[in-house]
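Right after this note come the structures.
Common to both upcoming complexes is subunit A, partnered first by subunit B, then by subunit C.
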Partner chain A sequence: MCQINEEDDEAFQALKAAAANKTAISRKCMSCDQDACVVVRIADPMCRKCFEEFFIHKFRSTLSKSNVFGRGERVLIAYSGGPSSTALLHLIADGLSVNARRRLQFQAHVAYIDESSLYPESTDIRDKVTDLITNRLQHPLHIVSIDDNLDKDHDFQQILTERTKSLTAREELVRRRKLKLLFDIAIRENCTKLITGDNCTKLAAQILSDMAQGKGAHVALECNLTDTRNDSVTIVRPFREIMSKEIAMYNRLNSIESLQNADISTMTGPQSSIFQLTETLVNDLQRQFPSTVSTIFRTSDKLEKNLQPHRCDLCCCPLDLSEDQSLVSDEERIKLIQQLFSPTSQNMDSVHVCYACRRLLRDVQPISHSRQK
Partner chain B sequence: MPSATCVSCQGQRPAALVRPKTSEPYCKVCFFEAFEREIHETIVNEQLFKPGETIAVAASGGKDSTVLAHVLKLLNERHSYGLKLVLLSIDEGITGYRDDSLETVKRNQQQYDLPLIILTYKELYGWSMDEIVKAVGRKNNCTFCGVFRRQALDRGAMKLSVNKIATGHNADDIAETILMNILRGDIARLKRCTSIITGDESDENEGSVIPRCKPLKYAYEKEIVLYAFYKRLDYFSTECLYSPNAYRGNIRTYIKDLERLRPSSIIDIIHSGEQVLVKQTAKMPVQR
Partner chain C sequence: MHLTLEFAGGAELLFGKQKTHPIDLPDSQTPWTIRTLLVWMRDNLLRERPELFIQGDSVRPGILVLVNDIDWELLDGLNYQLKENDNILFVSTLHGG
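Up next, the complex of A and B:
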């Protein structure tokens, strides 16, 4: 090491003293003046008790402010294994428990979409999910595979790898397919609400990513507390004003473990798809300008829903194209949409898609083309 | 290896470039034709001009305004729009940037044989941009400059007695502005920024100012550069000295990356921006 004589060097001794003193200084909670253990938002320190109260209060008031749930209503909770949906399950379990303040009054079912057919290494994810939901939390659990009910011409994994050329298109197909399956389960189980763990940070990235793909007409719907694109099942997003960092802190303080779940975008890099690129942008901007995520969210919250009565047959959102522009004429694409996205047992005469889904379909090649290669 | 024949004339001429908008190979002649035709269609479909009007082309000497002046003059003659065109240039007083580009505008005046008027911030407001930056520092300078320039354009237009101002805003600019308005929470601007013409009778806020339009709204920046290059147009291309610190730079990089992933993204963002509706109950800033 350097040749200084440590005892004689004044500057070095001063540095050591300063470092020792630093640990003795602790920040005080902004609400109750106890020792803080987390920093919320930009620079607000909070102690554990106040933070948990703040977090749980945000969740409960979002739900009760808008009288979303009816007494005894059957609701389906979308579980993905990630930190947000795991935290969601725990908060709902607390809210449903007998001694909860202003107890939640709905009947909870849980759905898990099994994507393991899309990845080469299969894991025991189903067992882990069953253990958590059925054994420990004791909710009715419905697991459905992502290639549920598809005919042999439409193998989902094959469609994604051989016919879809961009990761952006693959991600978007998987996203729409998962939502369609969740709606199917909800309808089958007579659940009138679908609760998702979408948090503010993810929604902000989703909003910009949707804008980049031509889905601006649906931004107001995608970030709203209640999403009525489906007439039978309303999507509810109780975490829409909670940051992913706050969820991570809550999970850590309560030792809540999420399942490690890889998806098709894992390990592909920050510029591999439009969503990955956008997420990187939002995170970078948020670091320099800490109000970025909340501003994106606030702006989108001020947007009006598109009131078109006709819906896209792919994503169920209101159409943003004229009748003839939205019509799909390609036989193969019509079959693809019917297989992957149409509500069970429904034959469609004419298929219409919105601008973004039309753009998405252009990235999916017809079978004959991919067979040539 | 994809075919190297132009998709438009189907092999009559060899392809010279790949069109950024459609990623298809084009020969030079068909590219010029497509580029000019699309701007003509924009002008006609959006009803930007009426015969007999005098149009001030906002000219900075940069690629957008040079191409705009060139194409407008060309289309005016080819399709008989019946317009009188003049060049209007604003000198913000940025040494090493604006003084050079103004020389380019003066040459454009000769080349296109159009009248030219130049207004300076110093004579209009008593401040040049260099003086402003010295006083406030190197942050948020674009905000001052933008506001001053818009008013300067209005004053210049009134001096020249024109009916409309045409600016060189291209598709990339509009896409950037849409995203910037979301990131900055500017709901009022988000509503207006996709309009191809602002300030005419249909816009309640600005009945008394001269309408401004953006004929290049759907033209990609890359295509404008290609057009200017192949046509050997005379333009000045340097970044403003004060722009590296601008917030817009983050978005510009994002859009360039998006374009690389999916070239149609720029037009897709514009479609998104046009679809966006603001709630009636949303609070808007009041103009005092």
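Up next, the complex of A and C:
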């Protein structure tokens, strides 16, 4: 078993001492010698102007380096109301504006998944979102409720609270459900790309959490700039090299307010679910060892596995199990998957899931079981 | 000493959902630092779940601290001595947007 006894391990102590003794950071910007306002990367101080240039440049070059978008391409932006996706909208608005250098050439639509049925105190979030996107930014907006198109036996809120026993399973169900709804909107609106605001700090925590749940086969896909799990809609992650701290700083300097900061895990504590644990771990480590996130990324990028050509019906990733092993035979589970995850256009003959999704399904109890209580 | 505390990114949920808190710290023999401010906040402002905000004698990793819009890492961190009318912002970057 791998174990480090921290007191005894010399290498670990040496690293820790080096981190503690690092010389005080200079207060002048590394590029232009003005007063610095923020420290980025390992220990690089930057003034406001240089930081904003750095931030915007990282965003634009990530997009243009890879020639991701075609001219006039219809693109769907996934807006969650949180700080990353709000910053994303702001940057895209700048990039689309007439005066922009190397102007972005796609047609932007915005999707918002309304999760307010899952929280006890839902406010007028829809109005705020509409005001921001339709009135101020003037993009076509598509709002879909997370319970969209579900029959009465499959009320999503009920499935989460009564039939799913762990917060981990709830988070994972919500995550997959949101992605499926976003794909649906994109296909319906003829958008060939889906842009998300996932930043690298969150992605690093997601990678570790996925590995802990048996989804290691897909981590290279989850942290990639372009994610082609869906044949019609490619996911693009332009913030994949941007840290959550940088986004927070950019938002503050530009008075960009996020509309929603709560989700089902809010206030539950750092040990309430696997993702909460890994997010805490990544942030804790990053404080002392600033290359934590980039190391997680570099490593995950290299993890390839031979995968089947067929896709999982829950998460849409290529299957990591054989045809027989991935087949779902339980009637109730098949119905659940069809209700929550099947593309609105198709009926499914047989349902296949990957290893991690199969484990996830085990945490959702059948209807008959919960009714007995 | 009069200060303005601001909370964002979800941190405000721990402080009565209020994003801005003007406060007055009592006079003290030793100068106020962020370290002592945190202790004061835990005793006087934190409505619930202190472990979601404070870890040891600092803030939980994932919470960014800005003093007058400057990263506290540029200003001695916990040892920064507070001045009259400073604006201190605590942004939570946990469970990303």
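Assume the second predicted complex is superposed on the first by the 341 of 373 C-alpha atoms of A that agree within 3 Å, B and C clash if a C-alpha of one lies under 4 Å from a C-alpha of the other, contacts with A are read in each partner's own complex, and residues count from 1 in each chain.
Just so we're on the same page, a contact is a pair of C-beta atoms (placed from the backbone, for glycine too) under 8 Å apart; a residue touches a chain by one contact, two chains touch by 3 or more.
In this text, all values refer to a predicted model and were calculated from it rather than measured experimentally.
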Subunit C versus subunit B on the shared subunit A, clash or fit after superposition: fit
First (subunit B), second (subunit C), both or neither touched by A:S80: second
Subunit B versus subunit C as contact partner of A:G197, first or second or both or neither: second
First, second, both or neither for A:H139, with subunit B first and subunit C second: neither
Dominant contact partner of subunit A by residue count, subunit C or subunit B: C
First, second, both or neither for A:R60, with subunit B first and subunit C second: neither
Which of subunit B and subunit C A:H109 touches, first, second, both or neither: neither
First (subunit B), second (subunit C), both or neither touched by A:R333: neither
Contacts of A:N283 with subunit B and subunit C, given as first, second, both or neither: second
Touching partner for A:R358 - first (subunit B), second (subunit C), both, neither: neither
Minimal inter-chain CA distance - subunit C and subunit B, angstrom: 15
On subunit A, positions contacted by subunit B and by subunit C: 284
Of subunit C, residues touching subunit A in the complex: 8-10, 12-14, 49, 51-52, 60-62, 64, 66, 69-71, 73-74, 89, 91-97
Residues on subunit A engaged by subunit B in the complex (per definition of touch): 166, 168, 207-208, 210-217, 219-220, 271, 273-274, 277-278, 281, 284-285, 292, 295-296, 298-300, 302-304, 306, 320, 355-356, 359
Footprint of subunit C on subunit A - complex, ascending: 25, 27, 36-39, 45, 80-87, 197-199, 201-202, 244-245, 247-249, 252-253, 257-258, 261-263, 265-267, 269-270, 275-276, 279-280, 283-284, 286-287
Subunit A-touching residues of subunit B, taken from the complex the two chains share: 178-179, 181-187, 190, 250, 254, 257-258, 261-262, 264-265, 268-269, 271-280, 282
